[in-house]
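Following are the structures in question.
First chain A sits with chain B, and in the next complex the same chain sits with chain C.
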Partner chain A sequence: MDDFLNILGSVFSAGTFNEMLRRATPVALAAIGGSLTEHAGIMNIGMDGMILMGAFFGVLGSALMSSAWGGIGMVLVLGVLVGLFFALFVVKFRSDEFIIGCALNTFALGLTTYLSRAIFGTSGAKGYPSLPTVDIPFLDSIPFLGEVLNHHSLFVYLTWLLVFVLWVFIYKTPYGFWLRASGEKPDTLRTAGIDPDKMKWIASVLCGILCGLAGAHLSLGYLNGTFAENMSNSRGYIAFACVIFGAANPSKAYLAALMFGFFDAIGLRLQDYVSSDLTGIIPYAITIIMMVYVVIRGQQKKKHAAKRLPDPAGKT
Partner chain B sequence: MKNNPLLKKLNLRYLVSLLISIVLAFIIGAGILALSGFSPLKAYGAMLSGAFDSARHVGDFLEYAMVLCICGLACVLGARVGIFNVGGEGQLLLGAIFACQVGIWLDGFSPWIVIPAAALAAMIVGGFYAFIPGVLKVKVKVNEVITTIMLNTIAAYLCQYLAKGPWKNANKNMVAATEQLNAQYWFGNVIPRSSLSTAIFAAAIIAFIVWYVMQKTSRGFEMRLTGQNPRFARFSGIRTDRLVILCMVISGAMCGLVGMFRVYGAEHLYRDSVSRDYYFEALMVAMIAQYKPVTVIFLSLFFAVLKIGAQGMELIGVPSQIYLIIQTVIIFFMAAESGISASLQASAQKRKAKLAAKARQKGDVQHG
Partner chain C sequence: MQELAVQFKHISMEFPGVLANDDVSLDIRRGEVFALVGENGAGKTTLMNILYGINEPTDGEVYIGGKKVEHFSPKNAISLGVGMVHQHFMLVPSFTVAQNIVMSKEPRKLGFLFDNKAAEQKTRELVDNYGLVVDSSAVVQEISVGLQQRVEILKTLYRGADILILDEPTAVLTPQETDELFAVIRRVVKEHGMTVIIITHKLYEVMAISDRVGVMRKGRLIGVADTCDMDEKKLASMMVGRPVLYDRLEKTGVPGEERIKVEDLHVLDNRGLPAVDGLSLSVRAGEVLGIAAIEGNGQSELLEAITGMRPIENGEISICGQSIRGKDPGEIRQLGLAHIPEDRLATGVSRDASVTDNLIVGRHREKAFNRFGFHQRTSTIERYAQQVYDNFDIRGAGLEVNVGSMSGGNMQKVVVAREFSFDTPVLIIAQPTRGVDVGAIEFIHSRIIEKRNAGCAILLCSADLDEVFRLSDRIITMYEGHITGHFKASEISKEEIGYYMTGDRSGEEAVYEK
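Moving on, here comes the complex of A and B:
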């Protein structure tokens, strides 16, 4: 029993929640980017590759300019390019999103591994300038919260801001309205004089930037200026699941990402008791369960709605 | 008979665009090589000799072609009925480790018992692992791409755990590996010292059966109908749900079997070199082949040569991943082929219209 309490204590410690924020952030950044493309009616499977490229070019920029900010600058440029590339195929050439997404992921894996070996050698890139952590002095005086919220890389806080900004953008501005219309009713939007393709281009460029930042956080914020081969490790797909879980609402997608981060962090805590190979399974299994839950709930809601519809007609 | 010329024309168009895509991809690959400081000619030379310089390498690429072909056909089988089995990697790994462990548990029995038992185990495990996302897709309508990818990672962790924990090889300290199979269960070598084993004959039979069922039987027609228009298929009396799950399970069983082939033919124990994202490369092949079985078979050979050849490039210091880049660039071109040709045509028409307008203007001026 004592053992059990010990485990429980370490699982629900401030350290776990601190770790949760750290681990959720790359997924969350990609997920809010994915929300944009999802609203624009693009099934973006290629986020994993975008993250991976962001991670690599972040380290490369950091190494070339010997400053983490150089890495971030490079990632921003790269994000725009990748977003344009993705939109060129999916929007302009109207290719199959699924094929392009899968190909983009494999392309990113090939390109980053190739360049990493060609530039940094087989041992990989390690120890290049990384992003500083942010210390907020007054937070430390709050007992639990301070430990959870303080001393993160800048991206953790930036993500909160971005979630809010994108939520406002999508739901409160005309651009967001057009964006949503470009996915749901493109013909209506065209009649209104706005090119739905243009909104799709914008969405995929923004998604490219956000996924690139997610990767940069992974390599420059989360790990200290380190790139490992295939380091995105299916996070892009988890982000995609978060998008669906949050019905493409950035704030809900962020909560889903937090949930992923929580289970990922729990796995880390449990490593003292169970093999790390088994605990590694947890976040991925949770993602599947999450997807099933979301779909079943969505269907139930639809059923209820269908039941409710005839009622007013019956009354009148 | 009337359809024949049209069919040929379509194939011709496909072949031409494939050829152009391949050439362009190699040119882009050469650009990347040159930018990163390697001589493209030397690198491609090393690629060619890496695949063909010895009988051993020829055997290796034939074996890899077998893996690509069966996995690619497994993917085609799913795609035909409208479900994408992206989880072949997990099915392959689990099939491999279970087949291997069956061989170790049954050590001492005749190969006539052990090998069918192992094959059955691999197929059951692989099939079951594909059954999960299949049912979720059909009954609950959960996107199968996400579930299969998650299941891939789960399978990789699970195999790692088994090979490091309960089923560990005591002789290998740090590496995750299972016990080695007794030599009497190994598949015979077809080309000495290469990884090509007699499994390739079994694979050829499987490939033939899959092709035959898909192209020549009414069941194959039902599959195509289900994939193209599920509603119509349901109304015409096909039990689409069952057919989709069945195809998914067979697809998974094929991937599991490939895992068994890898263990019994080449590796002789389970370790992570059984598959290094081989299924994803097969998926790419299936996509380039536009899910056509015969094309998958030929393209498997082509990409296997590239892959094994690329390993030869490592000898002169070029990272072999350039192969992945070339392969995906081909996919980009193939996937965008109709879009690119449409926009080319549009711009050509625009130019023509402009020229015509100009000519007309000139004509007007002269007349005027």
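Moving on, here comes the complex of A and C:
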């Protein structure tokens, strides 16, 4: 019994929640980027590769310019390029987005692994300048909450801001309406005199930047400037699951990412008691459960909507 | 001479392999209702897409309000006062009416925020101005097609259009909704001085609404005339290029024994909701039973159930006295049924297969075409296909081309030819002439009546009421999976039947009971 209480205590400690925020952030950044492409009608399976490249080029920039901000600058440029590359094939050439996404992922893994070994040697990149953590003095005086919310990488706070900004962008500005129309019914936008492809390009590029930042958070956020092979570790796919789970609403996708972060953090705590191989699967198992929930809820909604429909002529 | 709203000067439009418009010159006067008619593929929509800036003509000039159009884009056309209501509505289903109407010219707060209140306010002002009543905050996917069309019209008005193009606006409407639309058209023309161009191939609508009419055929403008100088027969022969005999079809013989019997049938739709709800009917040899219903009232599901493509929840269907329970579509065909499906592209033909293959589908295993159970007798099949091809007057580039490359009318003829050549005692026919031109309609109709006179039991379902009236001996109306009326075709008018198509009228006196 005591053991059990011990476990509970460590699982629900401030440290866990602190860890949750930190671990949720890269997934959340990618997920809000993915919300944009999702609204634009693009199934973006390539986020994992975008994150991985962001992680590597963040460290590379940091190493080359001896400054984490240099790394961030490089990531921003890279994010734009990757987004443009993705849009070039998916939007302009109308290739299958699934294939392009997969190609991007495998390409990113190969490229970063190769470059990492060529530049940093087999042991990977370590010890390059990373981003400072943010200390908010008055937060420390609040018990628990202070411990959870304070001393994070800048990205954690930036993500909160971005979630809000993107939520406003998508649901409260005309541009957001155009973005959603470009995914749901592009011809509507075209006949209104706006090029739907333009919205798709913009969404792709923004998604590239956000995924790049997600990667930068992984490599430059806490650990001092480290890159390891396959560092994204499928977070791009988890982010995609969060997009679907949150119905491409950035705030809901953020909550989904938090959930992922929470279980990821728990897994870490439980390692003291259970095999780490077992705890490692928790976040992924949770993802599967989340998806099952989405499917069930979707079907219920469909039935519900069908019953609410007032007029048979509106069934189209 | 009235002021000109639009001038087309020597417009030619070439798509790869097709000359869609061929040297078309046409003037549209301000404040008139101009009807543009023609068979499918005659180039009407292409010409209007040029006016709306979607297509840039290969050759020729367009003047709108006297000004030459320099570059073609919807944006430019909108700024010149052109609005277009497309055949397939251009509305975002998940947005509200107001959000759809203001799209691309949204009212804003602080320069970058969407002002929903102002959008709804503006929508209400438009509604009041033009008398097109619609709820500004309703979500588009939850309102009827007729209302969606109003939203489309309001949208063009919001954008400041004074030239309104309507592309086959009545295809999806009930007769009542069509009347309302026409009233709206008359009002905007009279009270607001708008110019309306309406594309249609329903000739009585041309007569009912337009001031002038232009006829197109094979990309060419054949003629323009004042509507009052024309009649439907003249228009039809201009469209087809030869006289069309829209005479009554000769129906002979008396109904024989019962061939299709449906009893208390219950069928679910794709969402798992009741689509056919306790329906019974019977069709006898030598008669055509027509189903008149607005799309989505269970008629599709009914036909799918009869042909074995949809599971039956409850009830009984028999073909020529034998139950179809537990039988797959192939086995049901063996009972003596052939089927022209409503969506020829999805279930009628295999687009990537040749005409020959499409004509022979379902007969591959017959002895005449097959040796040892696996070897196809190619030359016999080809001879047979050629014969059917000629018999049914299919016009295309021969037997070897892919069906997908043929026009809608000829594709439909392939389906009709195949199904009719089975010589079954029962025919299930859905939308036999959807998207088919006048000449082919005439042909298909006469073939259907031939079958009827030869003693076939035919169940017909069509969105085209004229067709239902022309071919049927008896008509039933369906609403939400029920039969709401049952009539002899000769004893009810189109206007009356619209009433039964739009609601359950049980308790009121039906004109005819079996």
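Some points to look at:
Criterion: the second predicted complex is superposed on the first by the 308 of 316 C-alpha atoms of A that agree within 3 Å, B and C clash if a C-alpha of one lies under 4 Å from a C-alpha of the other, contacts with A are read in each partner's own complex, and residues count from 1 in each chain.
Here, contacts are C-beta pairs under 8 Å (C-beta built on N, C-alpha and C of every residue); 3 or more make two chains touch, one makes a residue touch a chain.
Bear in mind the structure is a predicted one, so any value in this text is a computation, not a measurement.
When both complexes are overlaid on chain A, the residue A:302 reaches chain C alone and has no touch with chain B. Applying the stated contact rule after C-alpha superposition, one finds that A:187 touches chain C and leaves chain B untouched.
Contacts of A:241 after superposition on the shared chain: chain B is touched, whereas chain C is not. When the shared chain is aligned, chain C comes close enough to touch A:176, but chain B does not.
Counting the residues of chain A that each partner touches, chain B and chain C differ, and the larger count belongs to B. The touching residues of chain A, when paired with chain C in their complex, are 168, 172-178, 180-181, 184-185, 187-194, 302-303, 306-316. Within the complex formed with chain A, the chain B residues making contact are 32, 36-38, 84, 86, 136, 140-143, 145-147, 149-154, 157-158, 160-161, 164-165, 277, 280-281, 283-284, 287, 318-319, 321-325, 327-329, 331-332, 335-336, 338-340, 342-343. For chain A in complex with chain B, the touching residues are 45, 89, 92-96, 98-100, 102-104, 106-107, 109-111, 113-115, 117-119, 233-234, 237-238, 240-241, 244, 275, 277-278, 280-281, 284-285, 287-288, 291-292, 295-296, 299. Those residues of chain C that touch chain A in the shared complex are 52, 54, 73-76, 78, 84, 86, 88, 90-95, 99-100, 103-104, 106, 108, 112-114, 141-148, 174, 271-273, 294-297, 479-480.
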